[in-house]
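Take a look at this one; I'll ask things after.
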Amino acid sequence: MSGEQPLLRLEGVSKRFTKHLDAAEKLVNLVGGRRREEVVHAVDDVSLDVREGEVVGLVGESGCGKSTLGRVVAGVHQPSDGKVIWRGKDVSGLTGAARRDALLKIQMIFQDPMSSLNPRMRVADIIGEAPRVHGLVPAADIPAYVDEMLQRVGLDPAYKTRYPHQFSGGQRQRIGIARALAVKPDFLVCDESIAALDVSIQAQVLNLFMDLRTDLGLTYLFISHDLGVVEHLSDRVVIMYLGRVVESAPTEALFGGPNHPYARALLDEVPRIDRRKRAFQPVKGEIPSPLSPPSGCHFHPRCPHATARCREEVPRLREIAPGWTSACHLNDERG
Amino acid sequence: MTTPNTQPGATPPGGSALAAAMPAVPPVESPLRRFLSDFSASWLALLATLMLAVIILIALFAPWISPQDPYDLAVVSIFDARLPPGSTSMDGTTFWLGTDGAGRDLLSAIFYGLRISLSVGVMSGIIAIIVGMSVGLAAAYAGGRTETLIMRVVDLQLSLPAVLIALILLAILGKGVDKIIIALVIAQWAYYARTVRASALVERRREYVEAAACLGLGHARIVFRHILPNCVAPLIVVGTVQTAHAIALEATLSFLGVGLPLTEPSLGLLISNGFEYMLSGKYWIAVFPGVALLLTIVSINIVGDQLRDVLNPRLQK
Amino acid sequence: MPVFAPPDFLGEAPVPVRPFSAVFTSFAPLCAPVERSRPMSVFILRRLMQSALVMVAMAAIVFFGMHLVGDPVDMFVSPDMDQADIEQVVRALGLDRPILEQFWAFVTSALQGDLGQSFVFGQPALGLILERMPATLELAFIALLMAIVFGIPLGLYAGLKPDSPVSRTIMAGSILGFSLPTFWVGIMLIMVFAVMLGWLPSTGRGETVEVLGVPVSFLTLDGLRHLILPAFNLALLKISLVIRLTRAGTREVMLQDYIKFARAKGLGRGRIVGVHVMKNILIPVVTVLGLEFGSLIAFSVVTETIFAWPGMGKLLIESIQQLDRPVIVAYLMMIVFLFVVINLVVDVLYSILDPRVRLGDRGA
Amino acid sequence: MSQTSPVLQVEDLQTHFFTRAGVARAVDGVSFSLGRGEVMGLVGESGSGKTVTGFSLLGLVDPPGRIVGGSIRLGGEELIGRSERDWQALRGTRIAMIFQDPMMTLNPVLRIDTQMIEAIRAHAPVSEADARERARAALARVGIPSPDERLAAYPHQFSGGMRQRVAIAIALLNEPDVIVADEPTTALDVTIQAQILYEVRKLCAETGMAMIWITHDLAVVGGLADKVAVMYAGRIVEEGPVDAVLDGPLHPYTHGLVGSVPSQNQRGQKLTQIPGMAPSLLSLPPGCSFAPRCARADGACAVMPDLVGSGDGRAMRCHHPHLPPGEAAGGAIGETGRARA
Amino acid sequence: MTSVRTPLLRAAVAFACAAAVSAPALASDLRIGVASEATSIDPHFHNLGPNNQIASQIFDRLINQGDRQQLEPGLAVSWKPINNTTWEFKLREGVTFHDGSPFTADDVLCTFARAPEVPNSPASFSTYIKGKTFKKVDDFTVHVTTDEPYPTMANDLSVIPVISDEVGCGATTADFNDGKAAMGTGPFKFVEYVPGDRIVLAANENYWGGRPEWDKVTIKPIKAGPSRVAALLAGDVDMISGVPTTDIGTLKETKGIVLSQGVSNRVIYLHVDQFRENSPFVKANGGGDIKNPLMDQKVRLAISKAISRELIRDRVMEGLSIPAGQLLPDGFFGVSDKLKPEAYDPEGAKALLAEAGVPDGFELTIHGPNDRYINDAKIVEGIAQMLTRVGIKTKVETMPRSVYFKRASTGAEGGLPEFSLILVGWGAGSGEASSPLRSLIATYDKEKGMGAANRGRHSDAKVDELVEQALKTVDDGKRAALLAEATELAMANLAIIPIHYQVNTWASREGIVYTPRSDEYTLAHYARSQ
């Protein structure tokens, strides 16, 4: 890693969701019942650096914790363990204005263009609310500022008195982006931000993201299950499986030859327009429930190379090449 | 229903490469306007709304439009008791709907009775909404043990029928408009709490709430400006139905003799008084207040029904 | 009426909503919620703990509340008694003791199953209630039966053909049935069927026969004749409720993908409505009806008063009027207990009907 | 491929929705044919009419929608105008369908065996035991482990991928000639989608069923289908063998669609994009519906172009197609019998 | 008043007749709908009208009360004082209980031993028994001794049902309810008691007074007045008690229904706060405090004059009341023949108010029950109207008796009555003027047991003296004179303001005639078929 301070650093971040036992369940346990607290390790000890101006793609299937991680980064969830360090400062240690600024600098673009906009608010209020509340823009300038934001995302300011339901999916997503941009962020967490859009609209929004990156120097954490999109956009790709990072590598390196068996399976199995009719054997089995993940390496029940060790020992992420880490015991054997 | 796919186009401002099929800018369709157009799709609902409006106006202006002040004992005379519709009193006033057992002009008594029935229903509704809404929102937003505790209380309360709760409360509290409002509020707040909590829970999980948190907006702002307005629709539906319930409940309680005092006759009490005359041929004493009560409750329920259809998120797109 | 187009046509995939919750929320004001949890044992235990709490709370509130109102002795004494006689009655009923002491005495004996003696009847309050309970339960059960027998077919029809004139009539009728206050309907029923037409008796319970030691009236012709009017009076509201629930449920279910899938399998309409739709709507209907059974018992207070039906609702009203505190408190304890039982039964029924509940719902 | 008569022949199918806001021509003159064992990808964005086309093929269009014209011939038999009873007999036996959301296609309160057995017994007087055996076999065929146990399970006890397999098994039960699959893998994870695609490809090869795979994902079609039809605003704008279409799209819309897939672009470069958005079916522009979004559009596009076929099984509906270099407009493309005004 | 009736009601009546005619019960069966239910079959459990009513049919008393509560020989054929403090009762011979066992003095002794001691009794008969010593002289003679001369001995003993020594005296209330101990000498035998639904009796073939006419009597409690009427019209019962005044007009015109009416021993009257300088519900015009004008006899008289008892009778009671000028209707023991109801005289009332220094009246709240007496709330309203018309601005507050009586008796601080002007009723169970005089008029005195229900706290030493004297005077003539004198004195002072005596109505299907009773009881053996 370069000595340059990363814009955002995650240190051993975990997020657990726990369903506690109530009095009745405890009582049942007293008389020999076996009720346990249900704990979901949505994110399990994830460390990650994002440098200024970088686009990091976060990839994984459902239940892998990528969305939760994104929300921890964006400050929507507090991590159960670990630190989120923004420009060298632990966010949880910040208070007052500093905390608010750190919060505002990281914004999130959501998946569902239907539910990410408050249906009872006009577009102008959706975009203008936060700058007004935080006093980022003088109250008198808010209308002009909203117009500017709308134009930046390619919408006609004439529509700002509308309500979200009067827009198409793609347009709503643009409104969501304008809302985030209105608080002048440095870092955008895009959580499946184009997954719900039609193919032709996806391209439009992706292009908008790329424009914004060049125009505003934004840094992205781009969360997606769509490997093609991630490959196209990211400088670096992080692959998660059941709450853990299994591999992290520069995009080209990863797509050139993934190291972790799961990453390999994932990359192989994505249908691609340029690789048709390949005969392959899909990876077997289902994604286990995050409520009771397999022991050791979470991937071992589905892994064609699994050994006894994989069942018992959790593989650590280790650097296999500069800037390329992978969590697989096989790497140890190879040397 | 609104037309699908009528979306305003995006304009290509400056450099952004967005050519667009540009429909003419349609009028701004606010949720309210959309709601109104959906609501008025049913003529029955419109009729009921009209009827309700008339009833409310009568209730509001009862003191000014009633031929007689049925509470003024200097005017009411038992000389005029139980006169049939259309009779005239000693001093020449006509009782269009007859008089009751105490010599009150029934038309005036119905107007005032409407006033009392409606105000009992509406007042208890409003207070119960405020209480229920606060509790429900608090539960949904606080989560955890607070929520569990609150919802347990709500569940427990809901497992006992309102009529029973009100009956016992009134047995303890005694009669009176204030007492019955208290009883109805206690009997009904839990419905609102549950409704608000249910929709607040749904709303709280929506991404716009996360977005608001992300934008650093305060808890109060998120709860009251973002979540609450989106919980209003089910609240309105439940509110109308519960208000109709409250009115019927008050009538029932008054009938059972634990509701309102005789001197402040609601419609229910008027019917209850008329019940005594049911077999004596003096039908008007019970029938006319009964019709008024029925019209009130039916129109509220029809309005509520249409509201349910229009505001139901499942049927709405 | 909203227009439905296939999902693709609307440009939005429909949000999958479990039909149950959908129906439930659309009828939120009409039915109490049921806490659904996975293992039965914990569930039952939780219910029991809760209900024990309510029963204590209820007893305390009513006990202390009732002591603020009136003086039962005033209700009982005969005119010729002098002050000394009255005081003797007060002592005999234990009303001279401090209220906390009275409550403590009540609680300790309640724990031994003795809920006190009725002031008015001089009998154990619990016994009085149990004695009248079969009459009320019978009435409520028959009303429930009527609600199902009339409500489900009508609601099904209205849900399958929402725009037909017959359906509109059914729905208008259900709004009416909803809006008519029970007491008013009761009076009208007596007027028309007992007084005018003379077809059915106006009041009372009629002949009963004992089944397993419990007197029931539906097995004798006379009993049945006495039963019809009050049961219908009590059922009317629930018939409307069931119609609306069934209709809403049917409409909801008919829109589900699995109905379309069933059609794509080539199933006939009979099979789809009779099995696929029915089984789904039965879940909310049975659940809600189970919970409404409680409200049937509560509303029997009104019906029993009008029809002079010798059940426990009538006993309650009379006890309230006569300030027979032990009976009021005991009635409430019984009701809470009964509701606990009903809720449990409903939950068991629900879990039988809805497989998603039976075995820990892991899908979500 | 097309020597034998096609299993399914659709001609000028028109399905319209009569809404309060007007008539939506969800399917407006769709024609295609499908041979035995052939897999056709029906590609389009939301609102393009691909799902309605699928429903139309099974006679499952509900009011306010109605098939207003055209012809659907299944094994030579005309289906349009048949009674509901006839349709019922056909569905599930000759033509079956799989839906998008595996969570919603199975009735949550009925056991899997009930739902499978009823599908068999609705069409043939089969004994309960025989039907169960066939159901078991069908489950085994779609790769569901221990099918005996799974038969007695309820849908919620299956994962999404497994439910989709069950749905496929049900569609297979009566060995239909054609299966219409409406975005069956869209809701699934990548690795699970891969498994399903693998199974389906295998099944088609084994059984000789024809399949219409409705999707918005060109990549999936590329891996699965023999031929592809691209829909836009209720009409097929281009069709042809899958490789030919994906490698050399003729219609500007297809061209844009293929171009907007990231992997078709240089990494980090701006994607080719189709400007604007799909028009409302209630107010389609006159002439070519794509014209307002089309860079090549001109005055000629005010007239709706016909679907013109070329000799290599390709056809498209455009006045200004992207022809391969060297080919003059109209040179290689002649009129075929399939194209209709 | 014009009588307008809808076709519906006309039809109702027509059908009702048809029903009544078409479904006559067996001639020897009688089904009675009564307003209130007995709480027990145990005749000593609760001294309460409905209970006594049932008991009167199964059990006899030493002395029975006739339809006007006149004393008639019951199980005692004669009674007389044999000295100042001893009464001798000669018992009827040859009487048997329903189980066939003979009636003797032992039964009487055990009855009076049990009656005051019933566990859980909310109001026992001890009032009538305390201070009395019972002695068996022989099998058919009993002596009762008291410390003081005790003139109302016969009245007291006319309320206590006699039970059987063998099965009754050791029995619990529950034993009576399930019939085991319900063994009397009365005209009817106990058959069945279904609480809340019915009590069934059968004729006592061996009744000493002759076999009753009805083989089987079913008594059904039907609380709601209209339901009771409906039950009669529908032919579900043959006779009902407590016909609501509102339905009397209709029933009168209904073919196949006959009514019987009789004045009751119950006087409806106003108690007036006469002991507080500041009465809580009396205010000056405009709401300020005022010295309690009700303490002025003139104001009380003005109130009495302001009330038109005739109007209340005609418009509220539908003719079913008798304007009252004293405590008991004419003909009862100890009433004064000089007292007449106060005539309606609003001008006189106004003049009296002016004389009393309140020419413009004052503000007043009148309280009353709404579920106790016939049309109670309506009477209160009518009175309020009339008072308002003479300048006393009157508000009305009515409440259920469960709340009302406590507040009326002890609602204010220190256990004092809470209200200023209240409507109450008093039924003299013994049928003597001594009953209301002692409880309502005499000075409130816990020690002496006087004025227990004196909620106005009227106090007049002269009246007290007369009453006390009367209660020790055994000679009937002298006693009656003393009581009448006390009554006159109290009425002159307006200790209470009497309104009217209730008139009770029974309705039965044609062919059954009921002899009305002043104690309001509905007894099967008072119903005769024609």
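Letters are used for the chains, namely A, B, C, D and E, taken in the order the chains are written, and counting of residues starts over at 1 for each.
Please note the rule applied: a residue touches a chain if its C-beta (ideal position, glycine included) is under 8 Å from a C-beta of that chain, and two chains touch if they have at least 3 such contacts.
Here the structure is a predicted model, which means the values were calculated and not measured.
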In contact with chain A and chain E alike are the chains B, C
Could you pull out the chain whose C-alpha mean position is farthest off from that of chain D?
-> E
Chain pair with the most contact pairs?
-> C-E
Rounded to the nearest Å, the gap between Cα centres of chain C and chain D is 51
Dist(centroid_CA(chain B), centroid_CA(chain C)) in Å evaluates to 23
Measure off the straight-line distance from the CA centroid of chain D to the CA centroid of chain E, and report it in whole Å.
-> 90
In angstrom, rounded to a whole number, how far apart do the mean CA points of chain B and chain E lie?
-> 46
Identify all positions of chain A at which a residue touches two or more other chains, and write them in rising order.
-> 22, 168, 170, 204, 207, 211
Which positions in chain B touch two or more other chains at once?
-> 1, 4-7, 9-10, 12, 17-18, 171, 174, 257-258, 275, 278-279
Overlap residues in chain D, where contacts from two or more other chains coincide = 19-20, 24, 46-47, 273, 275, 277-278, 281
Which residues of chain C touch chain A in the complex?
-> 11-12, 39, 41-43, 45-46, 49, 362
Interface with chain A, chain D side, in the complex: residues 45-46, 159, 161-162, 189-195, 197-198, 216-220, 222-224, 242-243, 246, 256-265, 267-268, 270-275, 277-278
Chain C residues within the chain B interface of the complex | 1-3, 5, 9-12, 17, 22, 25-26, 28-30, 32-33, 35, 50, 53-54, 62, 65-66, 68-69, 172, 175-176, 178-184, 187, 191, 195, 252, 291, 294-295, 297-299, 301-302, 305, 316-317, 320-321, 328, 332, 335-336, 339, 343
Quick one: in the complex, what on chain D touches chain C?
-> 17, 19-20, 24, 26, 46-52, 55, 58, 60-62, 64-65, 88-93, 96-97, 99-101, 103-111, 114-115, 118-119, 122-123, 154, 156-158, 167, 170, 174, 281
Within the complex, chain E is touched by chain C residues 69-86, 88-89, 92-93, 117, 119-123, 128, 131-132, 135, 187, 190-191, 194-198, 201-205, 305-308, 310-311, 314-315, 318, 320-323
